[in-house]
Amino acid sequence: MEWQEVVIRLFKNKISLIGLILIIFFGVIAIGAPWIAPPSDPSEPYMVPRAGWGFEPQPPSSEHIFGTAEGQYDIFYGIIWGTRTAFRIGFIIVGISSFIGILVGTLAGYYGGWFDEVVMRITDIFMAIPFLIAAIVMTTILGQGLRNVMIALITFGWMNSARLMRSQVLSIKEEEFVIAADALGAGDFRIIFKHVILNTIFPLVIEASMRMGSMVITASTLSFLGIGAPEGYADWGQMISFARNWILGGEGNAIKYWFTVVIPGGAITLFCLSWNLIGDAFRDILDPKLQ
Amino acid sequence: MSKEKLIDVNDLATYFHTEEGTVKAVDGVSFEIYPGETLGIVGESGCGKSVTSLSIMRLIESPPGKIENGEILFNGKDLTKLNQKQMRKIRGNDISMIFQEPMTSLNPVYTVGDQIMEAILIHKDVSKKEARQEAIDMLTKVGIPLPEQRVDEYPHQLSGGMRQRVMIAMSLSCDPQLLIADEPTTALDVTIQAQILELMNSLKRQFGMAIMMITHDLGVIAEVSDRVAVMYAGKVVEYADVKDLYGDPKHPYTWGLMYSIPHIEKDLERLEAIPGNVPNPLNFPEGCKFNTRCQFATDKCRVDEPELEEVEEGHYSACWHVDKLEEQKAKQGRG
Amino acid sequence: MKRSSILILVLSMVLVLSLTVGAFAQVNNPNTFTKINMGTIDSLDPHYQYDNASSEIYANIYENLIMFKEGDITQYEPLLATEVPTVNNGLIKNDGTTYIFPIREGVTFHEGGTLTPEDVKYSFMRGLIHDRNGGPWWMLYGPLFDAGGLSDITEQVVGVENPSELTAAQSAEVYAELDKAISVDGNKVVFNLPKPNPTFLSVVVHDNGLGAIIDKEWSIEQGAWDGSPETIAEYYDPAKESDPLHEQTNGTGPFMLNTWEKGKRIALDRNDNYWREPAQLERVIINYIDEWSTRKLMLQRGDADVVYMDKQYQSQVENLDGVEFISGLPNLYTGYGLMNWTIDTKGNPDVHSGELDGNGVPSDFFEDINVRKAFNYSMNYDAFVSEVMDGDGQQARGPIPEPFLGFDEDSPVYTMDLEKAEEHFKKAFDGELWDKGFEITILYNTGNSMRKTASDMLKYNIEQINPNFKINVRGIQWASYLDRMIAGKFTLGFIGWGADYADPHNFTVPFMRSDGTFGNFKGESYKEWAKENGVDSLVNKGVEVTDREEREEIYKEIQNIAYEYATDLYLYQPTAHILMRDWVQGWTYDPILHDGIYYYRIYKAQE
Amino acid sequence: MISYIVRRLLILPIILIGVTLLVFSMIMMLGPYERLSTYIKDPAELKNVDVDVLVTKLGLNDPWYEQYGRWISGVARGDMGWSESAGSTVTQAFLSRFPATAELGLLALLPVVVGGVILGVFASVHHNDFWDHVSRVLAIIGWSVPTFVFGLIMLMIFYGTLGWFPPSRLDSWALDIVNSAGFINYTNFFIIDGLLNANFAIVGNAIRHLVAPVITISILWWAFIMRITRSSMLEILRRDYIRTARAKGVKENVVVYKHAVRNALIPVVTVAGRMVLGLLGGLVITETIFNIKGLGQFMAQAAQQLDYPAVLGGTLYFGFLLILINLCVDVSYAIIDPRIRLE
């Protein structure tokens, strides 16, 4: 299927259309952040400004339309700039880990033999630790900060792509056109890239779009555990972690601090939802067996 | 003829409503089958022959497929009017079906015995033990050696020919009146093909059922059929006794098929003898649907669609220019 | 059959559900007290433990010779001794170098032994020999031997630096030295101090595990120190896991151990053979739950009687039904910003260029008194007290917190004054700093919002003074925080100290003395300065004199030095609080044990 | 089959040594003083500590291979070391926390897999109609809500407001019974022990405490299983043998549940196996919020405190589990699909 047709179908499918609209919406916010929420200190736009030094979150007001979180961090500012953080986390982690996965999986699948065996055992080793726990260990060791979170999530996030890629390569390796190219004397590198990768990339694209959302959630989980983004950094997970100890309200009013949970929680859920909707629709469109 | 028709298909139309538009897979097809005879339906892939058979079984996926028009009278009952529950009583019991790919038509996770017994248990009031015995008997009848052992094996343990025999055993297990065979031999190699056709012929005599044989292979048709319907683009274009058809085709399409046989070894999938491609089902040409590939096509052919007409006794053809074809045949005969 | 058993199961579940949901008694479980705490218990060995969660358990199981008077940490009452030694009753003799404790009779241990003076001597000797690295025994080595620990003594007596390398003969020699300090005389135990020390009683008092009395015979049976003078090497600095008293207890206190599920829960049962009236509560359960929301819900539902709460969430609980919140309790704690006078700039990202070039700070940045004063003038103390601490607590006036000797509420303190800060910044480094500017990263340990806020305040104010001043605030984990302090790479960061025993000496040493805990992290130039300017000798003098007024003057002087030289940034003394159900009765505040509770006097009743 | 299992078990040591080396080398990125923080959690503990003595005593300054060798030879002797964050030996810490996690995990696995498969089959049968969209979107929403938000909301509703499902594993009164002499702890799985002791109040109480965390986990993973089941079913439903079955006159329900589902389960088993490990990781949050002192919460805590004997022990444990799960997956393939032979 041509890519133009894929795009057209993505727009025709109601479910993926919702997802696309949401992504575009978030994209506009991310690009427009400096105008929507002008930073007070342009050299550190990702540091959320504080409206005071107290702890108790303050409800939405005309000055802080989404209210302030624990520590008087402005939620509106955090959400707007956090959109950029979310895209950055998603694209960088998914991009780099998918790239590593493609490289490792393709080489292992294409060359096979002992090389494949060794590479797959290494993959097994990386997969032997639960993802979240591995990420916690590594982030703790590297220290707090978004960069370190991303390094940790990439380090333990490439194996699925690699295995997927390898199985795709293995199944396509035997097909005629690859063998034909081999016989014609095309170099290894060209064979791999031109034929194998181009013919196997779609399942990986689906997987990647699904992972965009869950990586943002994992990163926010690390923030929730106190080892993610530094305090005050514009990051949705961080904003939710501010809500952690206020989620049950107070003084007989169980939803007194709703805004600390609902607004950042809603943002992260919608973001994750939109990528998943697209990924899901993508799969339906690209899976020839489902036509 | 005096005999009662077993199945009488009248003006059947089955359409698929897709996002891109409506596909008229079967568009006004009529034929009939008498008890004990074999009707061959022949055509290129995509001509609607499989959809016709699935329409009779009422196994068209809906949506997007739908029987839009026509009737299918089976022993006088219109199958298109039955609900699914009534239909299930007929499927596998009165009408059964075997498919092209014996490799994929059997469920890989159940033993062949289980799968044969399933049909028996649905339609006959017998115990499991009896059903098993019947299944073994059926396997014996279709010529599978060591049936007691084979009955507990899984499909992947059998060869392709064996599997097709299992499929036949399964479809005949309830003594159907009509067996629809959808390309039963296409996926098999030539020697096995012959064995399977031989088996079907002998079983037909033994069980006395009618067969609707669907294939793109004129050779197969010649071997087993009594009468033949040639389909092109959702329509029957020629309909005749097998001898008449082979001796004297009355439609340019059939004629094209025939004379391509010697050149490309009976394999019509590629149909190199007839120039041009099968038209896009979403966008059939006006008039006669064969006009884009027909050497005799005239303006009339591009405007009006010919109906199936009796050109000789019992020989029907849908063509404006049967005469031109005759001329051509005469020329070639001389040359 | 199958169906009916499922039905029964479902029905019984419904029954259990409805029963427990429906039950809403006036006072939940009147004889069981449930506390929900955070963190974990380190050890049940009273001589080993040195943390808050453990000392709460020790305090209810074991007893010391004396205890604080209820609600007053300046007065003592007898506990396992029958009298508190004073000069007046003749039990403190020889100018305060001899303390005599008559031992109570008829006290039995939980496992059945009877308390004797020998048990008392054994308990102290065992602890002194253990002296685990990082443990509490330095507090007693000071008054008893004028030393820092067992290794000082072994070096003095036999010249061996590591006590675990002692031979049996050397061990006996060392033991003889230790033995001089404690002796049994009939039913009395006598302590001999090398010189008068006013902190002695506040160290051995109940609340401090090191003074806990254990049963000699029982302990030896369990494999604790065998009482032999020759085995010091074997029992010195024990590993936690091989300590026989790590998870079993045998005290004389009002409660005894039922179960300890490590990291989860500990249950204590009433000691019905207690030598005083038995406690009112039959059982005390302490659960450890780290999630505040869960703790709060359990309190709200009456499933917990007391829960641990961080101060910043008080707005959530102030008006909860059936919940009592008491705050504003004096807390013996000083929080301050530690300034490293000699920063190790090698490979240290926090000093940036590491030089006075506008893009970093030099190693001796905080050695300049003007820089220190400027920083002190740039802190928003009022906002910190009123907003961050919600109005509870106060600005610190130096290392010594209220109500210790030396604390004077009229003493001078810094206030936020950006003009004065500017003035001092201009004078710093002969004006060079003002012209060139600086960039520094100050640190807080992640998860500590108070410290982060204090750092943010400094950043906010100082960056206003001069556009060339740049402060970064960086959160690092406790591991790295610790590492940077030890390695001398710390720049400025907030940290605090809580009381081990009720004496100002416990604060002046770590904060001010050159070899104190924090003094060690302040760099070489501070050490020199503290020695040369008499800070060290002044701190030591504080425990050499016994006269109260004389001591007070010394401590006021120390407070004043901290102010005058702006040695660091003294920020706050917080308050303590407790959050409990309103049916909890008989609770009094004990600033040393807090958040721990002494359950002996507690009972549950609706007023 | 047996020789296959033996061969799989033979690679176990390779994986385990590899994975512990991986984690160990990560830990060795920290300096000795940083790793000391495991033992010193509060500035107060620095009083009178000679940090260098402590570093030497714990051997934190030795070359990495010596430290690793010390650890691995301890493991070979069955001594996994001392966990500072648990306050007990690593083995003890794991044994005491394993039942809580296993009980929760196994109990959650059932609704996750069964519920996910049913949802997936439901959606595939209704392919592209209203119900397909609704169930898909709901499942994706479940997947998109962070666990910590959902868990806290569950706690707020079902404990805070309604009082139905309290946190932790048992109520206090039930814990007293469980800890009493009359109650025999066969397995420390409270449901099973309750049944074995014929004490149904304990069983009821244990179940009550498990409802909320099980739902929290299920919501998250339903989407995962459902998605795989759905696409696998859609593919299977187009297979020829499904048409064969229909042509035999088999009822639609039987076609779907007998002929299609069993075939569609093959990829589901693969991902379910992989999910188990992810699920164990995901328990970190659930256990923290619902105060279940299990392995997930313990591992997170140990990792954050750099309690490396516990982290390494956990790595061993999870590595072992991975091999075991993969083995189970392979064996269940062979059971589901007769074409697969384990050789």
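Order as written gives the chain letters A, B, C and D; numbering starts at 1 within each chain.
Just so we're on the same page, contacts are C-beta pairs under 8 Å (C-beta built on N, C-alpha and C of every residue); 3 or more make two chains touch, one makes a residue touch a chain.
Keep in mind the model is a prediction, meaning the values are calculated, not measured.
Distances from each chain's CA mean to the overall CA mean are smallest for chain D.
As a whole-number value, the distance joining the C-alpha centres of chain C and chain D reads 38 Å.
Rounded to whole angstrom, the centroid-to-centroid distance between chain B and chain C, based on C-alpha atoms, equals 91 Å. For the pair chain A and chain D, the distance between mean C-alpha positions equals 23 Å.
If you average the CA atoms of chain A and of chain C, the two centres end up 44 Å from each other.
In chain C, the residues touching two or more other chains are 293, 297, 477, 479-480. Of all residues in chain B, none touches 2 or more other chains. With touch defined as above, residues shared between interfaces to two or more other chains in chain D number as follows: 30, 152, 155-156, 160, 304, 306. Applying the touch definition to all chain combinations yields A-C, A-D, B-D, C-D. Considering their complex, residues 9, 12-13, 15-17, 20-21, 29, 32, 34, 40-43, 50-51, 133-138, 148-149, 237, 239-241, 258-259, 261-265, 267, 285, 287, 289-291, 293-294, 297-298, 300-301, 303, 477-480, 482-483, 486-487, 495-498, 500, 510, 517 of chain C touch chain D. Within the complex formed with chain C, the chain D residues making contact are 30-31, 33-51, 53-54, 57, 82, 85-89, 92-93, 96, 152, 155-156, 159-160, 162-164, 166-168, 171-173, 175-176, 179, 200-201, 203-205, 207-208, 288-291, 293, 298, 301, 304, 306. Against chain C, in their complex, chain A makes its touches with residues 50, 52-56, 70-71, 140, 143-144, 226-227, 230-232, 244-252.
By the touch criterion given at the top, residues 292-293, 296-297, 310, 312-313, 315-321, 380, 383-384, 387-388, 390, 446-447, 449, 452-453, 456-457, 474-477, 479-480 of chain C touch chain A in their complex.
Residues of chain A touching chain D in their complex: 14-15, 121-122, 124-134, 136-138, 140-142, 213-214, 217, 220-221, 224-227, 237, 240, 244, 247-249, 254, 261, 265, 268-270, 272-273, 276-277, 280, 283-284, 287, 289-290.
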